[in-house]
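Input: structures, listed below.
Paired with chain B in one complex and with chain C in the other, chain A is shared by the two complexes that follow.
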Partner chain A sequence: MADDDRAVKNKGLDSEVFHIGVTDLSSGVVERTRMRRFLDFLSRLKNPLTIIGIVIVIGLILAAVLAPFIAPYNPIKIDLTSKNLPPSLDHLFGTDGFGRDIFSRILYGAQISLFVGIVSVLGAVVVGVPLGIFSAYRGGYIDTLIMRIMDIMLAFPSIILAIAIAMVIGAGMHAVTIAILVVSVPIYARIARGSALAVMQETYIEAARAIGAPGVRIIFKHIFPNILAPILVEMTLDIGSAVLSLAGLSFLGLGAPPPYTYDWGRMISDYFSYQAVTRYWWQLTFPGLAIVFCVLGWNLLGDGLRDAMDPKLRLKLSKAAKKIIKDLKQKQHALKRSFKSNKKVEVVN
Partner chain B sequence: MKGLYAYIIRRLILLIPVVLGVMLITFILMHSIPGNPVAYLGGSGKLPPEAVEKLVKIYGLDQPLFIQFFLYLANLFQGNLGTSISVNPGANITDLIVTAFPHTVELTIYSAIIMILVGIPAGVISAKKRNSLTDNVTRVGALIGVSMPVFWLGIMLQIIFGVVFPIFPILWAGIHEPAVKVTGIYLIDGFISLDFRTIVDSIMHYALPAIALGALSLSIVTRMVRSSMLEVLGEDYIRTARAKGCSENATIYRHALRNSLIPATTVIGLQIGGLLGGAVLTETVFAIPGIGRLITDAIMRSDYPLVMAGVLFIAIIYILSNLVVDVLYAYLDPRIRY
Partner chain C sequence: MTEPLIQVKNLVKYFPIYGGILLKEIGRVHAVDGVSFEINKQTTLGLVGESGCGKTTVGRCTIRLIDPTSGEVYYNGENVLKFRGKQLNQFRCNAQIVFQNPHASLNPRMKIKDILSEPIRIHKLLPKNEIEKRVLQLINEVALEPSHLLRYPHEFSGGQKQRIVIARALALNPEFIVLDEPTSALDVSVQAQILNLLMDLQRKFKLTYLFITHNLNICRHISDEIAVMYVGKMVERASADELFDEPLHPYTQALLSANPVPDPEAKRSKIILKGEVPSPINPPSGCRFHPRCPKRMDICDKSEPPYIQIKPGHHVACYLYSKNES
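Take a look at the complex of A and B:
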C-alpha cells in the first residue's frame, strides 16, 4: 500500500527514463561484464601446471565412472593361477597375492577415493560454512563459543582426531567419510567467518538490513555468494588432503570394509609385508602412485584456481566494457537532470 | 623482557580452556563407543554379575555423566590414563606411553633436522633464482612432496634404499643398546655413554623413517620460505641495501633471510607438532615402538582406552608445541606487542 502511494506521489519521475536506466544496470552491463570476467578467469587458468591438474582430475573422474567398462579384469575376483605376476602387457601393473589385476583395482579404487573425498568436503562445507557465517553474523558470545569449539578441534593433529572419530563410529566407509568431514569443518567455519566479517562491512549488507531482510535471507542471499571464491579454492585443495587422510586411515585398518578392498590405501595396507617389499614391488608402488597423482591433480587445480581468483590480478576493463559504462554514466546524468528540472518530485519519507 | 613473561603467563592461562576442551572431546568420544564400557573393561561379558557390579562401582559408571567427566579429569591430572585392555592387558597406559615416547621424540628430532637443514636453504635458493630451472625443480618437488602419503613414501624408501641398494636397514629393530640409558633416546644416550656404535646405529636406523616423515613438512617449509623470501626481497630496505652497494650475498643472507625466517618459524613450529601426527603412520611402516605404533596396535585390537589416551597425549604435546612457537614468534619479532 505504501509503495502504491509513493508511485502516485512521484508522478514527476519519468517512468520511461527510469526504466531504461534500471534495465541497463541490471541486465546489460552486468551480464556482459560478468561474461567477460568469466572468460578472463578462464584465460588465467591457462597455466601449464593448472592444465596438468585439470587433465589429471578429469582423467580420475573418467576412470571412476568408466571403471566397469574399461577395467580389463574383475577387481575382486580371485584367480590363484596368476598370483604375484610382475607387470606385463596382460597385467599392466601386475597382480596381487590372490591373482587380482592391480590395474583394474586401481581404476575401481578411484571411485572410492573420489567419493569419500568429494562427499566429505561437501559435507564439511554444508556444516562449516553456515556455522562460520552465522558466527560472524550474530557476533557476541555465540561467536566466541562457536569459534572456541572450532579452536579446540584444531588443537588435535587432524589425522589423530580422524582416527579417534573413525574408531568410535566403527570401521566402514561412512565412518571414514564422517571422520574426515568432522575434522575439516573448523577450516571452513574459520574461512567463512573471516570472509563474512569482511563482507558485512559492505554497504549492501547494511542496505539489506535497512529494508528489513530477515537474517536467513541476508546470510544465504547476500553474504554467501560473496564469500564463495575462497571457499571454492579451499574445497579443491581439501579434496586432495581428504584423499590423503582416507589413505592414511585405510592404511591403519579404519577404511573401507570388504568388498571394497580395492581402496588405494587399503591395497597398500593389505599388500605391505616383508615379502612384498623385497620381491613384489609393483603391488606397493602402483596404488601409491595413484594416490600421489590424485592428490597432485587436485592440488594443482586448487593452486591454479586460487591464482586465477586473486583479486590483485582482476581484469582491467576492456574497451567495450568501458564504453558501456561511459554510456551508462551519461544516461544516469540525463536521468538526474530530468529529476532536477522536474520540481514536482516530492520528498518521500 | 618483562612483557614477554607476562605474555607467556597469559598464554598459559588461555591454554587451560583449550586443554579442558580437548579432554572433554576425548571423554565424549570414549562414551560414544557403542556397547557397555564394562565389556571392554573386564573382558567381553564373561564376568559374573557381582564382579560387573563391582567394576561399575570402581569406575564410577553408575554416576551421572558430568561426575564421570570430573572423575576422568581427576585421573588425568594424577597422571592416570587408564588401563590397557588388549594390547598389553592390565598394563598401566601411562607406563606404556612413557616407554614409547622417547622413540617418537627421536624420530621427530631427526625429521625436524632434515626439515630445517634442507627446507630453508632450498627455499632461499629457489627464491634467489626465481623462475630458473633450480626454482622450477624445487617447486615441483615440493608439490609432489605435499601430495605423497607418508606411509607410502616410507615403503618406497624401504624398497629403494633397503632392497635395491641395501644401504639402510629396512626395519627399526637392532640398534646397539648403550651402556647408560637415561633419556631412552638412542642418539642422546649414545653421546652420554660415548658409545660410537649406538650413535651410528641410531642414525642408520632412523634415516629412512625420518626422511619419509620429514618429506611433507620439508615441502611445506620450502614453499613457505620461498614465498616469504620473495615478499621480503620486494621490500624497501632490500632496495636500500642494494643501493648502498651491498653484495648480493650480504643482501640475501644478512638482510633478507633474517626477516623472511620470522614467518617461517611459525610454519616450522607447527610442522614439528604435525610430525607427531604423521609419526603414527611412519612408525607403523618401520615397526618403531613409539606412540604412533602403540596407537596403531590399539586400533587393530580395539583397545579403546589406549587409543583415546594416545590421542589425548599427542593433542596436548601438539598444543604445547604451538604455544612454544607463539612465544618464540613474539620473541623474534620485536614488532609484535604482547
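Take a look at the complex of A and C:
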C-alpha cells in the first residue's frame, strides 16, 4: 500500500532522477537481496546428513583434481619388489599384485568416476530435458510418440546397451559414458515433461503467448527456468547411480583398456581372487569403500538439495514458534489424557 | 460514431470433454455459443456475467489466444482468424491482454526489466540501445519507480504486479487491450488506483478496452457500453447508463437488483432468482434463462429468442420484446 502511494507521487520523474535511481540500485539493494537469498538457501542445507554429503563430494572433487599432486606413487607403475604389501605408512591402502599403490590408484580413480558421472548426467540432461519440455509443449500424438520411445529406452538394460556400443566403437570410457547417458535420458525427459505440464498451466505462459513469444523462447525462457529445481536434484542423485553403473560396467571389463585400469570397479574385478579374499583384504576393501562413499555422498547431497528446494519445507521456525508448538502439543496431550480418564470414570459409574 | 475497431460475429467456442477408456469425446462445454458485438475505437465495452458464463473465453478468442470453434473476429475490418505468421505477429502487437491474477502472470524467474523488454525484443521494435529508454518510460507510465526494474516479481505487492502487467501490455503500443478482471484479485483501494490508471492510459494512448468483470459498479464506472452474458449467450447490450437505468432483459434486471447500492435508506426490490445456473455442458433448450425466468412464456423453451436491436444501441435477446416476430 505504502509503496503504491509513493509510486503515485513519483509519477513525474525526470530522466536525471531515473539515472540516480538505477545506479543506486545496481550498486546495493539487488546485491544484498540476492546475497540474502543465497545465504538463506545455504542455511536450509544445514542438515547434518547434507553436510556429510557436501564434505564427501568436495573431498572427491579435490581428490580428482589434485590427484597428480597428492598421489604418492604413479598409479600405473609396476614395482614387483613391493607386491601385495598390507596397508602401512608407506602405502596407506597397501599395494596390489603388481606392486602398484592402491591409495594412488583410488585417487586417480576418482577422476574417472567423476568424469563419467558428470558427463553422462549432463549429456542426459541436455538431450532429455528439451525432449521432455517439447513433448509437454506440443502435446497430442507427438507427446505420446516421444514418451513411448522413452519407455522403450527405459526398458533397455544399460549393461547390454554398453556391450553393444562397445562392440561398435570399441571398449573404453567413452562407450561406457554413452551407454549410461543413453539409459538416463528417459528419466530426465519424464521429469521435465511432468514439471513442464504443471508450469504450462500458469498464466505467465499464456501471457508469453499473448505477446507473441515463439515456441522456442517459451520453452527455454519461461518453462525451463521454472522446472530447474527438480532436475537439479535428480542430477545430483543420478551422478551417484552413474558411478555405480560405471563400477558395474568396468567390473565386466568394459572400461578403459590397460594400463589405465585404475577405475574403482575395474580394480575390484582385477583383484578379485581367492587369495584376495583370504589374505589381501585391503585390495578389495578400499576400492569398494571408495564406491560406497562416492555414491553415498552424492545421494546425501541430492536429498539435502531436494529438501532445501521444496517450497513446502521452506518454513523455518523461530525458537519462540517452536516453543509455542511444543506447548500446544503438550496441552493437547494433557487434554487427551484427561479425556481418556474421564471416559474410564464414566464406564466405572 | 466512429467505425468499430473490433467486430465479433457469432463467436462459438466448445471445449470437448474426453472420457472413457478410449478417450473419446463424450460431451462439450458450450463455453461461448453465438456471441456478437463490436467495440468502437477508443471506447470501453464492459462484459459482465456470472462466473463460468464464458466472459473470459470471449476475451481470449477475441485476441486469438485460443481459436474459436466457429465465428468471425474482425480487427479494423480484417479477419483475425485468418492471420498467419507475420500478420499474426503484427496483430499481437496491436492487441494485448491483462490477466486476472497478477501473481501468476509474471514469470517468477525474470527481472522486471526483462519482463518489460521481452515483447520489444521479440518483435524487434527498437534497436538494442533504445530498449532501456523505452522500459524506463513504461515503468514511469504505470507510476512505478525505475529502481523496481532490477527486482523479481515476488518482491512486489499485488497492485504493483498488476501495474507491471499493464506496462508489459503497453510495451508494444497496442490499440486494443482485453482486461480480464484486472482488479478482482486486488483490495478495494488498490482497485481504484488501477482503474484510474487504466482510464488515464486510455485517454493518453487512445486505447480501446474490452473490460471483463463481474463487478457491476466498476463496470459502470469504466465502460461506455455494457454487454451482459448468461451461459455462453449475450442477453443484452446497451450504453452503460441506459443499461443501468432501463434494463430490459429479465436476467439483467435480476442482476442489477442484486447489486449493492451504497445507501442504506434506498428502497429497492430484489428479484430473487430460483434454481441454479444451468450447466454449460447441457444448456436448456430455447432461451437459456427460461428455467429461472420470472416472466417466462410458452415460447421460451421452444426456440431461442433472436438477438435484436430494440432502440438505437440497445440490443436484447428476449421474446418479451420481439413478440411480433415469433
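Remarks
Assume the second predicted complex is superposed on the first by the 261 of 349 C-alpha atoms of A that agree within 3 Å, B and C clash if a C-alpha of one lies under 4 Å from a C-alpha of the other, contacts with A are read in each partner's own complex, and residues count from 1 in each chain.
Everything below uses one rule, namely that a contact is a pair of C-beta atoms (placed from the backbone, for glycine too) under 8 Å apart; a residue touches a chain by one contact, two chains touch by 3 or more.
Keep in mind the model is a prediction, meaning the values are calculated, not measured.
When the shared chain is aligned, chain B comes close enough to touch A:P157, but chain C does not. With both structures placed on the common chain, the touch criterion links A:L300 to chain B but leaves chain C unconnected. By the touch criterion defined above, A:I211 lies against chain C but remains apart from chain B after alignment on the C-alpha atoms of chain A.
Of the two partner chains, chain B is the only one touched by A:W281; chain C is not. Contacts of A:F220 after superposition on the shared chain: neither chain B nor chain C is touched.
When the shared chain is aligned, chain B comes close enough to touch A:R148, but chain C does not. Residues of chain A touching chain C in their complex: 1, 3-4, 6-8, 10-11, 13, 15, 17-18, 21-22, 24-26, 29-30, 33, 202-204, 206-214, 217, 221-222, 225-226. Contact residues of chain B toward chain A in the complex are 17-18, 21-22, 24-26, 29, 32-34, 143-144, 146-152, 155-156, 158-159, 162-163, 170, 273-274, 276-278, 280-281, 284-285, 295-296, 299-300, 304, 307-308, 311, 314-315, 318-319, 322.
Across the complex, chain C meets chain A through its residues 63, 65, 88-89, 92-93, 96-97, 99-101, 104-110, 118-119, 122-123, 136, 140, 143-147, 149-151, 155-157, 159-160, 163, 165, 168, 171-172, 189-190, 193. Chain A meets chain B in the complex at residues 49, 148-149, 151-153, 155-161, 163-165, 167-168, 170, 240, 244, 247-248, 251-254, 265, 268, 272, 274, 277-278, 281, 284-285, 288, 291-292, 295-296, 299-300.
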